[in-house]
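Consider the two complexes below, in which subunit A is the common component and subunit B and subunit C are the respective partners.
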Partner chain A sequence: MSGYMSGILSILAINIIFAYGIFLAVATGQLNLGGAGFQAVGAYAAAYLTATFGLSVPLTLLFGVVLAGLVGVAIAFPILRTKGVYLVLATFAFAEVITGAILNSEELGGAMGISVPAYVDWYVPVIMAVCVIGFVFYVMSTRFGLAMRAIHDDEQVSDLMGVSIRGVKVVAFGIGAALAGLSGGLYAVSYSYVEVQSFNALLSIYVLLYVLLGGTQTAWGPLVGATFFTILPEVLRDALPALKTAVVGLFGDADNVAPPDESWRFVILGLMTILMMVIRPEGLVTRTMVENLQFWKKGATSARREVTEG
Partner chain B sequence: MLLLQQIINSVMLGSVYVTVAVAFTLTIGILNFLNFTIPTLFMLTGMTGWAIAYWGLPMGLSGPLPWPVALVIGILVAVLASLVVERFTFRYLKTRYGDSTEHAIPLVSSLGFLLVLENLVQIGYGNDSQRFPGPDADLTLNIGGLFVRIPQLVSLLVTVAIVVGLTLLLKRSRIGRGLRAIAENPDAANILGVDTARVVPVVFMLTGLLCGLAGALFAVNYGEVSPFMGEDIGTKAIAGMVIGGLGSIWGAVLGGLVVGLLEMMTVHFFGADTVQVVVWGALLLTLIAYPQGLFGHNSIGKGKL
Partner chain C sequence: MSAAPLLSLNNVSKSFGGLQVISDVSFEVPAGVRMALIGPNGAGKTTIFNLISGVYIPDTGTVTFDGTDITSMPSRRRVGRGLARSFQNIRLMPHLSVVENIMLGQQSRASGLIDMTLPLGAGSRWRRDAEELLAHMGLGTFPGEVAATLPYGIRKKIEVVRALAASPKLLMLDEPAAGLNPAETANLRDFLKTISDTGTTILIVEHDMGLVRSLCDHAVVLNFGKKIYDGSTRHVQENPLVLEAYLGSRHAKDHDAEVHREATDA
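Showing the complex of A and B:
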């Protein structure tokens, strides 16, 4: 397998795990715009432990996950008192504080970053991603997943029905933070280098967009969203210059065309976000869509739809 | 004396934050919408203003224009862009599902606009910071040994005028009454005859105007613009808004000044690198310990403008 392909597979797997981390929070109705902060915790935990104590990769990843999860639970208790805009701001502020603290820490390399004396091949993140996907699908199928779904759809009614809102939210946020930490740890050992500048506010924005555009109603959403938006830039990397040459070629000057700016890819991501919110704000994959696709259970689904739509 | 000079400097610095913080708080107070395009609109004015003052209007319509004209055009661009944002964050969006992440739809759209506008500006004008050909920013007034730079003084006066004007608009005018009614309860306002489709764009025009003015003042004061100039200001303005209390205009004024002071003091005592941690840490603590801020009320949209 070429280096290019394995690089894409690694980052794809990391993005999918990261998206599931944010998904677990969003699936209980909490917009987590602090993804980069949790990923940074996991990445720096893995990098620091490997570089300083020479721990093995599985152990450092485990530490990263546990640390990010603990930080997530610790921050969830005070933060989850807030709602809506306040929660978005609080998670965003949390990420900025974490990255700012790392930037000012001599021990963690400050602006220089840490090089990690460990390396894993592409199949490690991919296997982990498959495990995470299975885990989240399992969680969503349990009673706990049902409670998450209930809170997402209507918090007050779930509260009346006896669902422990606070408990479910904190646990979902904490597991999500742990998964974001795992993605950070995998990032550190896949690239053998971490620098705090890569965990910026834009990263938090991107991953939230993956989740929301993919759809938050089912566990398929983050998978579709993260895959689509990780592959899209790579496809555009080839397609955009071709498109530009073709367009300029219409005016008969195809030979001396400069390749288009990298920024176009982000313009396209932004435009798709805006259009998506107008056309299909609930995300690409919805619950009804998944049910309709399960044609082998046709009888059951059509009966259920009669109940819900009738 | 040095401390007094620092405080004066921080008030001047804070006045830019105040204008942007008021733009944030206005949208949140009336529409319950955290508008992430605000820092981008601020940047848009600075960059288009620079481009027109340096190159002239696009497609060869004119040569380089004098900087005040360029800045006025820049402000108009910000207002127009803000109206486009209104179309795609409010007008065409219908709430259909009623689930708990639904309030996020305008916010997500505004994140989309942030990506689009910021990257388009980078494509058009490059990634570098540019020198803005404004007036001499170092013209200073010496009052008993304390130095006040004249462009900064002008900024402060403009900021005060904006805030007072905005308060009067909201308190006295018909449009202002409509806006306050929408802040209180959009459905009831609609039933009682407030034309939401006409009043909501006013919020976005005001947002564009405030950001545009702030961007113009920034360009004149610092003599430098860049595609990334909005990020830092946006950060500080959000912090100011939260500290003052979401949705409160006077809270945003005070919060912006507090953040300016906090920044100056942090730089003075700990160095420039720690500013990010201190400002965001203050924001986080305020949100956790005292979420209504200094002036706001606990819930959004309950008549506090």
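Showing the complex of A and C:
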């Protein structure tokens, strides 16, 4: 496989795992804008342990997962007292604290970053991503998953039904943090280098967008969202210059066209985001859509909807 | 009314800000009965439900359920004790299917680690239970449907079934017939009688006096947060205080006179 393709597969797998980490929080009604912070915890745990103690990759990944999960649970308690936009800001602030701490730590390389004396091929993150997808689909099929979705819809009624709101929220947030940590660990060993600048606010925003635009009602959402938004810039990378050449070519000067600026990809990404929010505010994949697809697969007819209204 | 009551409110009061919404209300719900809690709009009926289910804690007074003082018990634990309720404004989870809403109603019976982590797929006994309950209540046609898409009358009924899924000792229903047509209301009445026949105690808030009288023997009437009547549903509409509460004092006297005239005519 070409280096380009394997690189894309790695980052796709990492983004998918990352998106599922954020999804578990969001599906429980907690907008987590601290994704980069949790990913940084996992990435730096893996990088530091490999570089300093020479631990094997599986061990460092495990450490990253557990550490990020513990950090997630630890901050879940105070953070979950906040709601709505305050919760978003609190998670965001958390990520800033983490990256700020790393930036000021000589032990962790500060602004220089750490080079990681380990390397995994593209299939490692891909296999992990497949496991994570399976895991999250399982979680969403359990009563715990039902409680998560119920809390997302109506906390007070869920409480009166006997759901432990705090328990479910903390566990979902914690598992999500652990998955984000896993994605960070995989990032460290796939790129053999970590620097704190890559775990910036924009990354937290992007991964939250993957989840929100993919849809938070089913476990399909983050998969579709992360895939779409990882592949799209790559497609645009080829399509944009071609488009510009064609447009300029119309005016007869096709030979000396400068390739379009990188930032154009993000402009288009932003436009797509706005468009999707207008057209499908509940995300690309909704529950009804999955249901209709399954229904259609089973070949049943629309007779089911014969509801007589009184 | 033999043994100890299933539920009792003792001198319960509640105010919001400066507004006294419930003033010194006491009443008892004996086990096994169907009882109505009625009163004009804003009388405090829903607030009483909220005080019983733990959404609010009384300022003063106590709530006792099944022999235990539950006044300050966390709301989440009360359903496990056998106290389930429906809501005046339908509060089904819009993104959950009908059967998932019912399975949520089972939560108090299934909150152990194993029940929480086993899948609720086709083979699950909880799903089977929920589907059976739905079928039994005549709602077997739409278990997979997302709740938000269903007609009002159906959702209203699902609310009742969801509360029932907790297998409660006391089922509290807040205006279950509001917005239903006469046929649906009659249907609901039969349905509630069936539930009651299995031993479930029912406390119902309802404005439809026809339903109240055909369903309940006993009623508590509230007005401006005070209890003004506690007795048989048969005579409730002859009570001057109740008439006054519903019709205003002048009308009450007219009505009184009318009743009197009818009585002398007969």
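Here is the rule we go by: the second predicted complex is superposed on the first by the 295 of 310 C-alpha atoms of A that agree within 3 Å, B and C clash if a C-alpha of one lies under 4 Å from a C-alpha of the other, contacts with A are read in each partner's own complex, and residues count from 1 in each chain.
To be clear about the criterion, a residue touches a chain if its C-beta (ideal position, glycine included) is under 8 Å from a C-beta of that chain, and two chains touch if they have at least 3 such contacts.
Since this is a predicted model, take the numbers as computed values, not measurements.
In the superposed model, A:Leu160 makes contact with subunit C only, not with subunit B. Of the two partner chains, subunit B is the only one touched by A:Met277; subunit C is not.
When the shared chain is aligned, no partner comes close enough to touch A:Ala172: not subunit B, not subunit C. Between subunit B and subunit C, B touches the greater number of residues of subunit A. When both complexes are overlaid on chain A, the residue A:Arg287 reaches subunit C alone and has no touch with subunit B. Look at A:Ala147: by the touch rule set out above, it reaches subunit C but stays clear of subunit B.
With both structures placed on the common chain, the touch criterion links A:Gly29 to subunit B but leaves subunit C unconnected. Once chain A of one complex is fitted onto chain A of the other, the partner contacts of A:Val116 are absent, as it touches neither subunit B nor subunit C. By the touch criterion defined above, A:Pro78 lies against subunit B but remains apart from subunit C after alignment on the C-alpha atoms of chain A. Residues 152-154 of subunit A lie at the contact with subunit B in one complex and at the contact with subunit C in the other. Subunit B makes touch with subunit A in their complex at residues 28, 32, 34, 88-89, 92-93, 96-109, 111-116, 118-120, 122-123, 231, 235, 238-239, 242, 246, 273-274, 276-277, 280-281, 283-284, 287-288, 291, 300. For subunit A in complex with subunit C, the residues that touch the partner chain are 138, 141-144, 146-147, 149-150, 152-154, 156-165, 217, 287-288, 291, 304, 306-307, 309-310. By the touch rule above, subunit C contacts subunit A in their complex via residues 53-55, 75-80, 85, 87, 91, 93-96, 100, 103-105, 107-108, 110-111, 115-121, 126, 141-142, 144-146, 149-154, 162, 166, 180-181, 183-184.
Within the complex formed with subunit B, the subunit A residues making contact are 26, 29, 31, 78-79, 81-82, 84-86, 88-90, 93-94, 96-97, 99-101, 103-104, 151-155, 201, 205, 208-209, 212, 216, 261, 263-264, 266-267, 269-274, 277-278, 281-282.
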